[in-house]
Amino acid sequence: MNSKTIVIGVIGADVHAVGNKIIDYALTQAGFKVVNIGVLSTQEDFINAAIETNADAIFVSSLYGHGELDCQGLREKCDEAGLENIILYVGGNIVVGKQDFKEVEERFKKLGFNRAYAPGVKIETGIEDIKLDLNIDK
Amino acid sequence: MNSKTIVIGVIGADVHAVGNKIIDYALTQAGFKVVNIGVLSTQEDFINAAIETNADAIFVSSLYGHGELDCQGLREKCDEAGLENIILYVGGNIVVGKQDFKEVEERFKKLGFNRAYAPGVKIETGIEDIKLDLNIDK
Amino acid sequence: MELENKKLTMDEFLKTREEVLKTWSTGEQVADLEKNIEYARSIPKSKNFALKLKKAKHNQITLTQPRAGVALVENHIGLLRYLSEEGEADLLPTTIDSYTRLNRYENCELGLEESRRNGRSMLNGFPVVNHGVFGARKVQENLDKPVQARHGTPDARLMSEIIHAAGWTSNEGGGISYNIPYSKDAPLDKTIKDWQYCDRLAAIYEENGVPINREPFGPLTGTLVPPSMSNAVAIIEALLAAEQGVKHITVGYGQCGNQLQDIAAIKALEQLTEYSLEKFGYKNRIITTVFHQWMGGFPKDEAKAYAAISNASVTAALARVTKVIVKTPHEAFGIPTKEANANGLKCTKMVLNLMADQKSYMSKKLKEQLNIIKEETECILDAVFDAGKGDMANGVVEAFKRGILDIPFAPSKHNANKILPARDAYGAVRYLDSGNVPLTKELKSYNRYMLEKRAIVQKRPVDFQMTVDDIFAISEGRLVGKPDFSKR
Amino acid sequence: MELENKKLTMDEFLKTREEVLKTWSTGEQVADLEKNIEYARSIPKSKNFALKLKKAKHNQITLTQPRAGVALVENHIGLLRYLSEEGEADLLPTTIDSYTRLNRYENCELGLEESRRNGRSMLNGFPVVNHGVFGARKVQENLDKPVQARHGTPDARLMSEIIHAAGWTSNEGGGISYNIPYSKDAPLDKTIKDWQYCDRLAAIYEENGVPINREPFGPLTGTLVPPSMSNAVAIIEALLAAEQGVKHITVGYGQCGNQLQDIAAIKALEQLTEYSLEKFGYKNRIITTVFHQWMGGFPKDEAKAYAAISNASVTAALARVTKVIVKTPHEAFGIPTKEANANGLKCTKMVLNLMADQKSYMSKKLKEQLNIIKEETECILDAVFDAGKGDMANGVVEAFKRGILDIPFAPSKHNANKILPARDAYGAVRYLDSGNVPLTKELKSYNRYMLEKRAIVQKRPVDFQMTVDDIFAISEGRLVGKPDFSKR
């Protein structure tokens, strides 16, 4: 246990549950406290869970293609809710179709995400990054 | 029988025999007199066969990729041998690799071929063309 | 909610219908059921999904069908035309967008506006309810092959009204298969009832001279679902549909990856569906089969994706299924371009053609796998029936509560999530933990034995890490997960 | 020419050797046989072709190998590196250019000059004789996987000297398989004698601690060759090689397209090769198998080419061959780009991995096909042996004269060209006309019967037009030719 809390979930009208369960398992294995709000989650669901559990980071998953629409405004809402410093990651198949990922990453960084992940990236990569960003020693 | 004679063969160090046998069969079926000099034929083999049989056309096949090298100078040699008006076609996989066929066709027309055929063209296309070029009614 | 596996009376049906048509403005366009059927009857037989499948089954031909759907009518028609012509698709789909699937028609309205403004689809499918029957008719009118709605909609009643009124002669889905994998909390009794409505609607068309095909969604979560579990669900949905009077049913199965198990599973599915329909007294049903190419995580490399597509197609051909749902070389990334979609289709068609005159022959091993799957499936079916005290519909609700029916990796809170699947040493999917699924002791030990064999080969314990590794296996270029796959 | 199936004495060998090395200037570089062997011995075991195949057979793994060769050494190394890394090839080839195959080394010299000038390969392969042993060594030294020479050279004696001296531990070819499909008039007794030399050379290395693999070229013309005919040739070449002392032999087979027949053919080939070697007293040979993906005309569409490649790979995996020779999505057009070549490899590897833990199981039908192929092959083998009055080498020469051995569509004037092959209703290749091939009456009627069945299905006579249609079938997207394929 490293006493850091991460909220995970799948945003929007998205029901892809497999990755979500894997992320839950892997983050727990890696010693995090995981708050899994599951699929079909709204921005509010994420924010409420983060406030309630005093979370350090939110891992948003989006698989079904509407990710860009669903993620708009999340950072602003976090700010409004007093989660100014919370770390936001997003991963999955976050846009529609096969696109150049450099550009996609840019777009999500503009939306206020600290990091964005390309299709099929292993959750281990996200774990390494979050340890870095939260200053957790290996 | 339409009394027109066509010399067929595979030029250069090329042993691809299947197409050659099919062309022999198809031209014969279509009523031509076919003189098949087979695979591994030199430019001279083609010209000698054409002179001997007073042929109306030569169908050169090249499959193995050296077609461009092997076909250079054939038209000139035909002219020297007194076959000024003989019709020259070439087909098969006449260049190395997958190339834009429009350009390939241009190159072979510059070499003096009346027509050049893309990979896997059906011999029936060649038969229609030669009937046109030799003024044979259908 | 009162639930019963019994054909809805016309009264019940019409009463519900009134409510259904009010749920979105386009509902009133289809108010006149007779006129709808009349229009559907006017569609040429060559565009009838049910009849085309029946003919294919008769001729032992395997048909291809892509997934595809974009927001705007004209673009959607263009896309399907391309897949029909360039991709040589035999059957056409209309994939419905995710908002429609959740009956969020207002969201669709926004998505449509955005799509019009941007000139490209901002929705991940075709919002058929918003387009209404006239938009939907345009689609089928402008295409010369049968169109089916493919979605994942727990409550698809309005959608079903619109598509059949538009002459679309097939509808995918079911009260279980479009709930448990597609929803977080839709109540099962409600989705079963709602799909009874869809089934009854299809049957009314059938009874009035318009053959309609219904297709339970076979692969469920597409992720390590043991064949007996997905087969049980498919057979139950076939029975529920038959009760409502549906005649043309296509039962489906998603490739697991071990060729022998897959062929056995399809044979088992076909045989047990026919047997069960007979047993419950549903006569003269036309049962066809659909095989879904690998439904889990796909390899990113296109050459490898082609390999996964073709390998699945070989199995489909050997098993002589009636149709194949085709993946594309873009699968791992996102919704495919029309070209990538056509390439998946052409690749599949080529394999099917190369294998058209061939099939699998019975071997001792095939017989063994066939029997295992049948026995497991019958354990499940019997228990569901018992749980419902003789009523299959109630049985389903109860069975999910008790974990008799249990679908790996499903998002639904109504799912017990107690079973764990994993591959054996040959890649066949087995029950690592069968949870509350009532398998006999023999079947349980068989499953365990097969996994122990893998454990020995791979020098590892039989545990959840096997499952995790197997999830990544195909996208990592193997079938059976290796101990380090989830870490790469 | 005096011919005998007997191990060359060292005297004979060395006498010939002197002549051989004089045929091109690079010959003198390899004059010292002992030094050559010493160098070859210094090559790490991990680069030994024979050992890698042996290990793969032991582990029941199927390896991949591309075809590839360009004119210049550096470019060739770059190409093979790419195929090894990006394409994940297990075994590396060096395809030799067509001039070298005909010993026209002067032409190669020109081709090399042109290639240097143009900065791209003007030859369709790597002119290894012109590059000489130092060029060839550079190739193997710069690669970490075993390299094999793949060619089609009736007289490959000088080439063989150079490649083995360069540490290439495998050589494809044989006195029949590199003559009849690759030559117009090379005399058979000469090519057999010349390949006895190559075999003896390989065996000398073997005897001195450098395992060398020899691979008869299985597919011959790659066009509708009945399995029993290509198997007979492969087995004969294995016997001839074994007599010269060769220990590691890979017998090959080119996909015909009917999965069942292909699996049966590979099993028959492996079993009969081992049986025949035993029978003739050649002990302790390591027999491995190679499967060639479809060797005839390919589909032009790349998605369809991937289908042909993967479909072949499924068969290879089910048959558990030791290696697969891989085609590319550019096959119908011309020599592939390195990317296309790697794509063919990746696609193949993916299928092999997906099927790695699976295999085919014996069925009644498979047994039947296995027996038919074995019986046919034994008819041929016995007749060849008899024709040579007990000497296999002379038997071959005589057998071709009489049409006992007869290869469809071969360019050689020594080939009788009397047999006609065609596919039956299931796509299996049969003898439409068995010419002078001494099949029993039963086997002849079986072949005829199977073709009559197709004739009935397709409503057509059993005649040469079937053969013609079958030649175009796969490039037209079917396996069994339809009456109109040759006309399109």
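Note that the chains are named A, B, C and D in the order they appear, and that numbering of residues resets to 1 at the start of each chain.
Rule of thumb we're sticking to: a residue touches a chain if its C-beta (ideal position, glycine included) is under 8 Å from a C-beta of that chain, and two chains touch if they have at least 3 such contacts.
What you see is a predicted model; the values in this text were computed from it and never measured.
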Touch-network distance, chain A to chain D, counted in steps: 2
Chain-contact steps, minimal, separating chain C from chain B: 2
Distance between the centres, which are taken as Cα means, of chain B and chain A, whole angstrom: 65
Distance between the centres, which are taken as Cα means, of chain D and chain B, whole angstrom: 30
Cα-centroid distance, chain C relative to chain D, in whole angstrom: 45
Topology of the chain contact graph, where touching chains are joined (line, ring, star, complete, other): line
Touching chain combinations (by label order): A-C, B-D, C-D
Touch list for chain A against partner chain C, complex: 12-15, 17-18, 20-22, 25-26, 38-40, 64-66, 69, 93, 95-99, 119-120, 122, 124
Sites on chain C touched by chain A in the complex: 98-99, 101-102, 104, 107, 111, 121-124, 152, 181-184, 221, 223, 296-297, 300, 330, 332-337, 340, 409-411, 464, 468, 471, 475, 486-488
Chain D-touching residues of chain C, taken from the complex the two chains share: 257-260, 299, 301-304, 306-311, 313-314, 318, 342-344, 346-351, 353-358, 361-366, 425-427, 474, 477-480
